[in-house]
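The data blocks that follow each hold one structure.
Next come two complexes built around chain A: one with chain B, the other with chain C.
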Partner chain A sequence: MAKYITSKVIQAVVVLFIISFATFMLLSYMPGDMAVAMAGDATPAQVAAMRAEMGLDRPVSVQFVDWLSKAVRGDFGYSYYYNDEVSHVILKPLERTMILGVVSLAISFFVGIFLGVIAGMYRGTWMDDLISVIANMGIAAPQFWIGIILIYLLSMQNGYFPIEGYVDPYRDFGEFVRYSVLPVITLSIPSVAAITRQARSAVLETIGQDYVRTARAKGLKKSIIIIKHVLKNAMMPVITLLGLRVRLVFGGSVIVEQIFNINGMGRVMSKAINMQDTNMAQCCVLIIGIVVIISTLMVDILYGVLDPRIRDKKGE
Partner chain B sequence: MKMKLKDFFSLLYSRKIVFLSFLVIMLIILIAVFAPVLTPYSPYVINLKNRLAGCSGAHLLGTDNQGRDLLTRMFYGARSALLIAAASVMVGGIIGVFLGMVAGYFGKWVDYLVMRFTETLLAVPGIILSMAIMLVLGQSTWNLVIAIAISTIPTYIRVMRSQVMSVKTADYIASCRIQGGSDWFIMIKHVLPNAISPIIVTATMNVGNSILSEATLSFLGLGIPVPQAAWGSMVSEGFAILRSNPRLSIVPGIAILIIVLAFNIFGDGIRDILDPRIKNNI
Partner chain C sequence: MRKKMLALVMAAAMAAGSLAGCGGTSSGTGTGTAPSDRTAAAGTEVSKQENSQETLAGELAKPKSNVLVAGIAEPEHEDRLGLVQPIANNDAMRGIMPGIENLFHYNSGTVEGWLIDEWTVSDDGMIYDWHIREDVKFHDGSQLTAEVVKWNLQYALDNGVTAISIKEMEVIDDNNLRVTLDEKNPLFLDTLATGLFGFVFSKEAYDKNGEEWCYKNPIGTGAYQFDSWDHGTQVVWVANEDYWGDGPYLDGITYKWFESKATAIASYINGDVQVLFNTDLDIHKEVCSSLDPRNAEQVISKAPNNIFYIWMDGNDPGSPFHDVRVRKAFCYAIDTDAIVNDLFEGFRRATTNQPSYAGSQYFNEDIVGYDYDPEKAKELLQEAGYGNGFTYTIQCRTGTPYDMYVPAIQAYLANVGINLEVNYLEGTAFNAVMYESFAGTIFTNPASFAPNEFGRMRERFSRGNIESFGYKDIYFSDAYFDYFDQAKAADSTAEAADYYKKAMKEAIDTDCSIMVLYADHSCTMKYSFVTDTGLEAAPNNQWFPSAAKFTE
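Take a look at the complex of A and B:
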């Protein structure tokens, strides 16, 4: 197991290196640069001076090596767009996105499993059909449109929830809930739908197994069979999917934060890419990469814990 | 192994919902192709006197903020959506199948490189990758295709690679090699045909996702250049005046929902038909 994890960690470092290198190259090949983007109606001489101050007049490879050598020491440089240290600017938006993202993943996990198990247990009934139709629609509906529909129906028509904005949970928890209901629903719907489908097919797959029939023949109650036998084995594909959803929740946050006007990572990142604020964009992409890779790694390890066969094989 | 086209369609017809989604797809394709014939209006001509008109006989879905007929723009939006989705599925498919094939066939360092490339693509949200690529390449239809295609590449690589690894050790491959078949000959002549069904399934599944990506990018203002009609940018234009004119945002969204739903159900159906193993399980 230890050997397996070590090799995975080395791979992760390689991938993170490629990510930051690729982002750096992409941003430097964008037409124009940060100095031009920020200059406004400055004279060419002023733009050149700004470029020199930001270090943009050096070769790209030198800039990258310089960035990398600082980044590995935890120094993510200065954001010229925000006029502050990147590591300082990024904290609040990161916190907002993480809170919304974690809540959304937790909701997706529980609601998805609940709906999937019900659909699987009552296969072929109207309940199964209804859940499957809703799940299919949840996957097919564009996320930005879901958000807009929710705003129209629940904020503009009825005024149940605020149209946009965000309040920190530690400042006023009640307001936090009121403000984040719609963004979290918007963020969760595709994941709930995907997990429902996965859970349903996993339940159907395990429900036909011999040990489930044995359990039923022993006269165990249906609820106990579902919880102890079916759910436990149906969990693995669901957990894998949950790991894959982490990346998509980050992607969704770009859209959700745009619609609900929340200053989170998604917005900071799209602004950084737009303004070619390389240091900021690099830091955002790297953080997302690290979170995604760690969650994938955790799924892998959890697999080993849940399934001894995999654990032993990987320990070789 | 080979399935007759007639059998394929009779299987398709036997599952009503899959057949229905097939019809919906066909209908939307027809609308997209014959858009100029179906409507007397131009999707581009601005008529500010007639802006935000309600539904009427002349304008079935009313007009938008600049007086353009909404239904006309919907038809032309179908064009952009289908064209870009089809092109990006093709581009992503060709690159992904090629990379997956060489990775699975040659193994070793080729495999290592391709797999790290895949993981890199999978560690960054697709929408952010596409955004960055659009900003680097500039806004045009072709660049949009590339930006969307890139995030679908990993799905093909994975499918193709595992297919290749499972046939690589087969006896007929070994015998072909003994007869002096070169690597590329074996890959194209023997490995690729064996993997064609899962590739078709993956491609069909990706059409829906590509339409969603296209819609999302154009919603964010990074889709095809503005005067052209795209469903995503139509939703975004309507969002500004959502309270007074919800119709402008809701209608294009419904179109996206329907077409993506149709492609997903059709993809599921094709998978069941081409890959009976999965069908028996579910």
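Take a look at the complex of A and C:
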């Protein structure tokens, strides 16, 4: 397993290099640059001065090598838009996006599996139909629309939750929960829907297997059959999907943070790209890359935990 | 409640549009005016909404707390809140105005003292003697002095501000400062009053904490002092009990930036936000379909925020627009009245035939302009040798209002044989064109009124300035530049206005150098219980919230 993880880490480094190179080049060759983006009413002379101060007057290759040599030492450079070190600016938004994302993924995982198992176990009944219809709707509905409808139903109609904003959990946990409910639900609905459908299919596939029939014939309790035999074996595709959802939850944060007016990483990244704040955009892309790579790695490891055959093969 | 749902669903559709890079359209309203005392003087109109669809007789809203929440449905572009003098855009201005004050205030063309309470100007217009108000302290307890004012202006000059040109500043004593200009500038005080250059920050805070700290911790003299800033979403100000002037009357002011228009609308309808700046037709429509008119009072500026133009590359010998007849044909071919009144339904926009507006001292009544006349356009094109038309490209930004009026212009031009291709560009790419050259194309863009139409044209379209921008591709005659030089050298704004009018007559009627599309005014929406915000007095969608209060 150690050998397997080492090879994955080496692959990850190569992938991160390619991602950062591609992002840097794309941003550099977009028309205009950060000096122009921030210029507003400035004169061309002022723009030129800003460009020189930001180091944008150097060749792109020099800029990239300079950025890379600092980045490997943990220095992601200075954000001229935020007037601060990138590593300082990104911490708080990253924390917010991570908190909302992790809570959302946890909810998606448990609720999705629960609903999927119910639908699978009671295939063809009204419960299966209802869950399937809701899951299909959850997949089809655009995230911004879900957010707006939630705002209408739960904020404007009843005043249960605030329309927008965010409170850090360590500042006031109760308020954090109140402010986070709508963004988390908005982030979770597509993932819950996708996991529900996947879990249902997996359960249906597993439930017809010989070992489940044998377990039933042995007179085992239904709950034990589900937990020990069905769920464990149905988990593989669900975990694969969960790994993929990590990427989508981070991607979805751009829209959710926009709707609920949260200064998270999605918003910082979209601003950085709009303003061509290369250092900040690079950092955001790298973080997303790292999160996706780690989640993929964890999925691979979990495969091994769930299925000894895979573990043994990887260990060879 | 059904209307709220409808508004939200519409807003969601708008959000979809904005995500897809295109905006929604709108339907209209009429307005009745009820000018306040300061309104008339200030050149703004406060209008109670008369909803053409249905007038709602709902409840008069009450404040939810003693904190005023103001916002704007636009993404923020503020990169700092403190030491803002040299930054190029003024998007931060509204957000910092609860706590940071200006040397002067601008009240519909009139400069009034604020932190400077008295001043004199020498006969030659070169020397200003200022008396600084004596009882003013910063939020950190330091005193406002002539030295501090000098330091603030010097900071602006040292960091590239060119709109003000100062030769030297001499501190006479703690409260008297003599400012000598580099060149005569009849708009010197106007520029200070309407831009960021006249904002005053604590020198002591700078000396103690350094520049970067000051960017994020604005220490001013205002009625509210800085509490927190969540970059991109909100800045929070709390009451400054030691304020030197009247106020504060509220516990605090929070200023929010909404990236999602739908969220801004929902927050306003819900009463969470009580003042919404720079509202557009979409917001106007959605809010007015949901709220009692008293909860959607609108303050529309009499002076426009911007005038929208089409800039033609008349200086490019290879361009059809090198020929004045083609430029004139272009103008005759487009019905700007229909664009303003039918497309934008008259909301916030007005037709004008010059870079000014009726009622301004810079407005030239003698300018004839180009009323819609497609037959005349065809004749002129025939004379210029373009009887069979031609194909050309217009460069414009993405989003509203470009996605509304540019297709309309395309259709008008097609009627006279001009095939206009549109190149939509994102902001940065568009700016790059503007800063370099647009020869071989035409482009459309607004020009703001900062500090007014003369100031703006002076900065961009006068000798010595125009060469540095892409605007150099526009043809202006020597006569135009000569008049403008005389306006710049004038002893008074009245004299400057006379020359400015002559220059505009040349640029519009004689040379048709530019095409004026329409004037775009600002509209701020507020609940009627929010009073004394200074919205009515301030230019360019600004406010002076020190005396803001909630009134029953």
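In the analysis below, the second predicted complex is superposed on the first by the 316 of 316 C-alpha atoms of A that agree within 3 Å, B and C clash if a C-alpha of one lies under 4 Å from a C-alpha of the other, contacts with A are read in each partner's own complex, and residues count from 1 in each chain.
Keep in mind that, in the parts below, contacts are C-beta pairs under 8 Å (C-beta built on N, C-alpha and C of every residue); 3 or more make two chains touch, one makes a residue touch a chain.
All values reported here derive from a predicted model rather than from experimental measurement.
In the superposed model, A:Leu204 lies in contact with chain B only, and not with chain C. Shared-chain residue A:Ile18: touches chain B; no touch with chain C. Of the two partner chains placed by superposition, only chain B is touched by A:Ile293; chain C is not.
Once the two complexes are laid over each other on the shared chain, residue contacts for A:Leu248 go to chain B alone; chain C is not touched.
When the two structures are aligned on the shared chain, A:Ile195 is found in touch with neither chain B nor chain C.
By the touch criterion defined above, A:Leu27 lies against chain B but remains apart from chain C after alignment on the C-alpha atoms of chain A. Of the two partner chains, chain B is the only one that A:Ile273 touches; chain C does not reach it. Once the two complexes are overlaid on the shared chain, A:Ala141 sits against chain B while remaining clear of chain C. Judged by the touch definition given at the top, the superposed model places A:Met156 against both chain B and chain C. 30-31, 142, 144-145, 148-149, 151-152, 156, 255, 258-259, 274 are the residues of chain A that lie in the contact sets of both chain B and chain C, per the superposition on chain A. Of all residues in chain C, those touching chain A in their complex are 1, 4-5, 8-9, 11-12, 15-16, 19, 75, 77, 79-80, 87-90, 160, 162, 212, 215-216, 230-234, 256-260, 262-263, 266-267, 269-270, 272, 425-433, 435, 448, 450, 459, 465, 468-469. By the touch rule above, chain A contacts chain C in their complex via residues 30-33, 36-47, 49, 80-84, 89, 142, 144-145, 148-149, 151-152, 155-157, 162-165, 255, 258-263, 267-268, 271, 274-276.
Contact residues of chain A toward chain B in the complex are 11, 14-16, 18-19, 22-23, 26-27, 29-31, 136-137, 139-145, 148-149, 151-152, 156, 201, 204-205, 247-248, 250-251, 254-255, 258-259, 269-270, 273-274, 285, 288-289, 292-293.
Chain B meets chain A in the complex at residues 116-117, 119-120, 122-128, 131-133, 135-136, 138, 208, 212, 215-216, 219-220, 232, 235-236, 239, 242-243, 246, 249-250, 253, 256-257, 260-261, 264-265, 281-282.
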